[in-house]
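Next up is a structure, given as structure tokens.
Labels run A, B, C and D following the written order; every chain starts at residue 1.
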Amino acid sequence: MNRELFAAGERLVSPAYVRQGCEARRSHEHLMRLLLEKGKCPEDGWDESTLELFLHELAIMDSNNFLGNCGVGEREGRVASALVARRHYRFIHGIGRSGDISAVQPKAAGSSLLNKITNSLVLDIIKLAGVPTVTSCFVVPMATGMSLTLCFLTLRHRRPKAKYIIWPRIDQKSCFKSMITAGFEPVVIENILEGDELRTDLKAVEAKVQELGPDHVLCVHSTTSCFAPRVPDRLEELAVICANYGIPHIVNNAYGVQSSKCMHLIQQGARVGRVDAFVQSLDKNFMVPVGGAIIAGFNDSFIQEISKMYPGRASASPSLDVLITLLSLGSNGYKKLLKERKEMFSYLSNQLKKLSEAYNERLLHTPHNPISLAMTLKTLDKHCSKAVTQLGSMLFTRQVSGARVVPLGSMQTVSGYTFRGFMSHTNNYPCAYLNAASAIGMKTQDVDLFIKRLDKCLKTVRKEQNKESDVSGVDNNDKTEDVDIEEMALKLDTVRLDTCQDSS
Amino acid sequence: MNRELFAAGERLVSPAYVRQGCEARRSHEHLMRLLLEKGKCPEDGWDESTLELFLHELAIMDSNNFLGNCGVGEREGRVASALVARRHYRFIHGIGRSGDISAVQPKAAGSSLLNKITNSLVLDIIKLAGVPTVTSCFVVPMATGMSLTLCFLTLRHRRPKAKYIIWPRIDQKSCFKSMITAGFEPVVIENILEGDELRTDLKAVEAKVQELGPDHVLCVHSTTSCFAPRVPDRLEELAVICANYGIPHIVNNAYGVQSSKCMHLIQQGARVGRVDAFVQSLDKNFMVPVGGAIIAGFNDSFIQEISKMYPGRASASPSLDVLITLLSLGSNGYKKLLKERKEMFSYLSNQLKKLSEAYNERLLHTPHNPISLAMTLKTLDKHCSKAVTQLGSMLFTRQVSGARVVPLGSMQTVSGYTFRGFMSHTNNYPCAYLNAASAIGMKTQDVDLFIKRLDKCLKTVRKEQNKESDVSGVDNNDKTEDVDIEEMALKLDTVRLDTCQDSS
Amino acid sequence: MNRELFAAGERLVSPAYVRQGCEARRSHEHLMRLLLEKGKCPEDGWDESTLELFLHELAIMDSNNFLGNCGVGEREGRVASALVARRHYRFIHGIGRSGDISAVQPKAAGSSLLNKITNSLVLDIIKLAGVPTVTSCFVVPMATGMSLTLCFLTLRHRRPKAKYIIWPRIDQKSCFKSMITAGFEPVVIENILEGDELRTDLKAVEAKVQELGPDHVLCVHSTTSCFAPRVPDRLEELAVICANYGIPHIVNNAYGVQSSKCMHLIQQGARVGRVDAFVQSLDKNFMVPVGGAIIAGFNDSFIQEISKMYPGRASASPSLDVLITLLSLGSNGYKKLLKERKEMFSYLSNQLKKLSEAYNERLLHTPHNPISLAMTLKTLDKHCSKAVTQLGSMLFTRQVSGARVVPLGSMQTVSGYTFRGFMSHTNNYPCAYLNAASAIGMKTQDVDLFIKRLDKCLKTVRKEQNKESDVSGVDNNDKTEDVDIEEMALKLDTVRLDTCQDSS
Amino acid sequence: MNRELFAAGERLVSPAYVRQGCEARRSHEHLMRLLLEKGKCPEDGWDESTLELFLHELAIMDSNNFLGNCGVGEREGRVASALVARRHYRFIHGIGRSGDISAVQPKAAGSSLLNKITNSLVLDIIKLAGVPTVTSCFVVPMATGMSLTLCFLTLRHRRPKAKYIIWPRIDQKSCFKSMITAGFEPVVIENILEGDELRTDLKAVEAKVQELGPDHVLCVHSTTSCFAPRVPDRLEELAVICANYGIPHIVNNAYGVQSSKCMHLIQQGARVGRVDAFVQSLDKNFMVPVGGAIIAGFNDSFIQEISKMYPGRASASPSLDVLITLLSLGSNGYKKLLKERKEMFSYLSNQLKKLSEAYNERLLHTPHNPISLAMTLKTLDKHCSKAVTQLGSMLFTRQVSGARVVPLGSMQTVSGYTFRGFMSHTNNYPCAYLNAASAIGMKTQDVDLFIKRLDKCLKTVRKEQNKESDVSGVDNNDKTEDVDIEEMALKLDTVRLDTCQDSS
């Protein structure tokens, strides 16, 4: 309400009360002004009332919400369903323009502001999370894999001779596919086993660069966050190699914003060597729905080049989600979540250690992995290789989600490339194991329920094994198939464990 | 509620009334069952109550909504903000898996169903809209340009030698960029002027194929919906050329679903020749927010190949929007919108004809363009070239959105390629003109307001011109810059028309 | 957003676009200002965007939404559930104060404005609907019956000797109970049969006034809207009697706002005689949920006296509903609803006439009743008295709601007073009949479905009757019980009609 | 979804996943079934997903939501505004019927269930909160005052000779008006000063009963929760007197549910003597919007008699609010709130004690009041009587809500009855004071902010006083006016304190 409106209100109720209401409005406006002027995440989260007022204010700046608008174009932001309009807070025009996903739209000043502010907030949070020298970033409404593809496609124009991407192995399909989709040939660098950890083979990387010739290498594509016993790549050293050979360096930081260690690696890489862009998932780091990523970097013009590579407008939905989330949390709320995650990691680690020892297993020693843990499943695997997947299945049907069992010797072909020991990031890891991670938003209750259910499942599996049962009825060729543990587990759930006899 | 619940209810209120409530529930369930079993758009739209019940039922099948779930993975569908959860109806896991955007997610049966049903409904609507032999399609949470890029990237793997895309010129940046981003070289085929219409130069296309060699051509990239005086490409003939030379054919059907003529062209192309995929915008055809597209085709395995090319999960938001919209409208509601659009096109056409004649201008004769119209601005342009952009500016500030003025002789460089006469789809169109379109959802009121405001603006501009004013102060080099009419118009809005003298 | 905010926005996106957004905001504000200044219902309905912005603006003026508020009282507008806060748009403090339901609350300037504006809009609508000289009204969060009670309780203080309320009979329980609850003795004036219509017995009213002595009569309590064949009371004449004897006159105008005839009666009554207050339902006239009424009158101080009689604060929910509804509809929207209702009445009347004649029944001739119609059920009743209630039951279970069958000779005791011929407004109406009404919001589809289903049911009942069936098994004492047709109907639904033999 | 629907789903996505979804649904249903069967508040709160599903399930049982309904009555639950329908979760028919606010509605099985369940939950909570032998209660959509009126109106029919209500004085207008509105004469029993506390004068009560004659006394109307230094009435003794003389006893337990002490008094009263009904506010005890109350008692038939006294249907809105709130909180959540309130009371008490001593004031010793506290304002009052109201004003404008300053000697006339020392519950309390309360939902932050602001205000007032200022310009007649502290305070806010000189 503006002055005139308050004046009109004063004629209806007491001016003194209206004046208080007017003051109250100013305190909301003060928060909005700070946001627009500083472009930083507020320390304390906004309450819903301020947040919705802000979104409403932005939305009415878009032409589809003009009371007197008449539209004679082919895209006028008309919405057929009131439910749909409402769930998007009446932001209909998306973000960006034909030329650039970060560009301002004449028809949609509100959506444009939303987009600018979101990118600004996200940049602020990345700094706060451990990469203080980041200079530029933008939210893109595609998940991590496709965002990596976009980075590679952008680099193509800079490096016309390049055909290869050097990629320290990580067994996650969309990472691999991001390179294939972009039309490049991934050069897989196998990891080295150091203690229990799988780490980057720096010598092999450098040797490969020399072998292929730097000009034929589009970039090095490294990874931070990953499943144990793999640990984040040796980013500093890779960044140095890239700098030395003039090769771009793209980092897949999928769920690494939540870990100060991952962020520190990127910061260090950029300091001592070369990091051209790092890509992170919105949903995995900011607790929003799947579908967005942040592309960030240390060189404005390169990041802008990527944003200009996206042809056409794009969904504002992921930006809106992360904007709402960050304004609700405030930077203090986000820091609190980071802190709690760290604590949960210790807690999960301790609980899993205890449990594994009770079953003559052990927690793999992977100190460089700040998020994911792995517990051996040797005793299970010894008796019957099916028992491992059986355990996965049991956990899944007991509503434990996200736990991964990794049997030995899976083989999988992804886009024509065959991986031995798929899911374990190496051809031959010494033993089968189970993964669990402490991701942002995890609660003590999650850990406790998990440990309790895992205990129960392990007990059941052991009991079955002691019956010296037989598995001859089960097709062991599964191992060489395209393994999807969750799916396989479900198939197996009806196979009784007493069929495990042959492997005893 | 199930039987047990109704029984419990009967103890509290009269069994007869509860029985009626139970019957009432069954009528909602009946609609849902039909949808799940047939996968077709219901004829009559659902009311909000059924729709929300359905979404709720799906959402509780996702693991993030399980009451007893414990999550120990890196992506558990946790949501920090209740506002965000609510606006997504608690669908958090997105769609697809690492391997395939159409794949089923073990953690999210509800989201997976949502995805399958949406694709099925959309397919049904495409058939109904004029392409009855389409066999496969999927919604992708990227706008048209990026979706075209994905198609080109998929074709790359099938045609390793190809470097070129043959593209009958259409002056819309993201179409052009979709090819650049995919890493191909667009081969621009200039249009032929037939009467007032700009049409496909078939001979030039065929000549180019022969010149480059079919194997070096990734595909022909044609367009249906476009701004007059360009008209949809001669799809049948292009499809025949493609078939003859074994070249794939990708059609940009951006906002063509709303026009039976555009759809018929695709159907005919596929019947007599080759159409590999056609891509359409969700927002422009279905009145949903910007951010999604449909990739459709006549060959299941190719469409599936494209869907497998998308690396990783993706936002469910555009799918959810179109699902809500189609279920609300029903196929009858959608047909009604199509019918109304057609009527609005006639109405707009008549009104614009009358107005143009009143100003000694004329409506260009473009019978092959079923959506967009163009009215000459000869008399304006004659006096002062600035007057044309000035008109655009005036319309914009008067809340006419979507009207486009096209001055003569604009030059624009897009990704290194320079287009003469940019925006007019040809190097030298005979005159400046103004575009207006009749898009889905347009109302009589839009047309009336537009005509009224346009009339006013033309009157004003004329009056100013009669003052024989001078424009020497304005920098005429604008013409060679990167022209964005809306932006330029705004810049010019403060430039007084009395500066137009020199061109008189 | 205020100037400062827009200025901040201009630094992020183009000032020209922000300026347009700013202009757009002003057009929303303009509507709000008009409302606050004039206090009239806008002619054209507001769109949701303006409406929600307005509610949001009001809500942030309430202390429970102040960002820096600290509350140390016993009622601070705290809300435990976010769902609840949201559904009330964060208006928590209700309306009124201990002293007066129309009073302004210091803690809640926004809620107070909401209350004032709602009452003002409602007054405007009452004028428009046919009572132009009304001077004062307020929304009270109680349904019609309790609101009448409040009027009677207020009158008690003015007329300490009064014990009786003169009440031309209308068979609707809550009207009767409103007097009992207030502690008065209703003096029932039986209606006179004129043609098919049941009309006010004016002589009996006057005779009763003389008999009891005017001072012992609290008021005359008349009724407009009612079920045919009763028709609205002769309000003019009653108003004159009241004026002559100095007796207050309270009109139950339950669903009469929707009928210009009912409203005209009130206007005329006030013009020629005395109408102290007239009470109308919110839900029945404004298509909002049950729970509110409007108390209106021609004398500010009396209406204010009633509003001061309500002890304590009250729910703002009904006021909010009617505010949202009227702002959405605009006066034009409401007038359109009134017009459509009238048309539906003609349509229903014609259809019912045709149907009744097809079954040798007839539509009762009740030209003074503008809302409700009645069709005889003579032929049914002739065979078997149960058949009438059986018909009611069949309609109910076929999802025809609101149709009422009125058998002969029902007896009912309400609060100790026994009514013969209950439901028919008279001791002995000549025949059984069925009621149907054309209420605001009714659609052609309702009428068509009703006629179709009624036809089917009549057919079935006839067929059963022709089997000369026997009803001896059914307890005929039902007639003397507390009759609730819908309930009875359901009980009977399982009784087969072939038990109707005895009445044949 | 029922079995058929799940089966249809299984054909679209993997049966194993659908099976999990189906299991997940059962866990929601399990909660609903428990609720319907036991009618008790669940221990743990439901999540929003279950809650909304439940409300949705109920709503579709109402005829206005039947897909095939046709309505030909005068009230069909049609809603003009989608916003309104949505905010009521599509419950439109309200609760109750003409005969009884607790009755089941044939047209609205869902709303009827909602009503029954709500009353059942609320009964459970009252037991848990300290009145285990309560047998019956219902939610009524009127605030406490009007609900008390309804109780009195009901008693009238039982006690035709009664004219008086005996009422130990409590200075809260709506309590007093509740009796006036019902048409009875309040007999005010002045309180006795015991130490700092104001307590019930039992002898005066009994003497008054004897003087008036028990048959002429409608009831004793006592109060639990109140502002210090008044404390809850001596309920046990009053209940015994009522039992002895055969007089009904109605307890105003406005915000007493939140205090185990208040609840215990009621329980004891009912055990040793007579308590006919006790009435409590919904908003003050359950953190919902203003507008509802609970009428509860120990005798089913009397409580039912009250519910039958309400003429007509009523708003379901307050019932819906409290249902949502209790299901969200669970009994554990509510208990937690009660516990926190108690802790806050101690905290507030300590902080206020410290502060008062710092200013040479003291916290009144009122151990029997479990909610409200009072701190003397002797030193302020000594200098200038205006200073006390000035303090109130300062607090109000500094967004301290709910703090009440009570000056000496206010006089107020309510409905013709003049109260000396109004607001202080007695004619001459020894000193002016300030009230603060610890109500449910209060946070440490509220206390801290309050103490800080109060400190500041006291400092300012002192400073001003030390200037030995003059107040001669201010009209001291204010004291005898209708005092509303908040209003008065605001008026005074512009009066500078340096006008206080005369009182020095």
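General remarks:
Definition applied: a residue touches a chain if its C-beta (ideal position, glycine included) is under 8 Å from a C-beta of that chain, and two chains touch if they have at least 3 such contacts.
Every value quoted in this text rests on a predicted model; they were computed, and no experiment measured them.
The rotation relating chain B to chain C, fitted on Cα atoms, amounts to 180°, rounded to the nearest 5.
Seen from the C-alpha centroid of chain A, the farthest chain centroid is that of C. At the interface between chain B and chain D, two copies of one sequence, more than half of the residue numbers in use are shared by both copies. Remark: chain B and chain C have CA centroids separated by 49 Å (rounded to whole angstrom).
Mean C-alpha positions place chain B and chain D at a centre distance of 57 Å. Chain A and chain B have CA centres that are 30 Å apart. In chain B, the residues touching two or more other chains are 14, 16-17, 20, 48, 52, 63, 66, 68, 82, 106, 399, 487, 490.
Across the interface of their complex, chain B is touched by residues 1-2, 4-5, 8-9, 11-14, 16-18, 20-22, 24-25, 27-29, 31-33, 36-37, 39, 47-50, 52-53, 56-57, 59-63, 65-68, 82, 86, 90, 104-106, 109-110, 112-113, 116-117 of chain D.
Here chain A touches chain D in the complex through residues 14, 16-17, 20, 82, 397, 399, 487, 490-491, 493, going by the rule given at the top.
Taken in their complex, chain D has these residues touching chain C: 48, 51-52, 63, 66, 68-81, 83-84, 87-89, 91-95, 98-99, 106-107, 141-146, 148-150, 153, 156-157, 172-175, 177-178, 180-183, 225, 227, 254-255, 281, 283-284, 286-292, 309-318, 321, 324-325, 328-329, 337, 348, 371-372, 396, 399-404, 414, 436-442, 445-447, 449-450, 453, 484, 486-487, 490.
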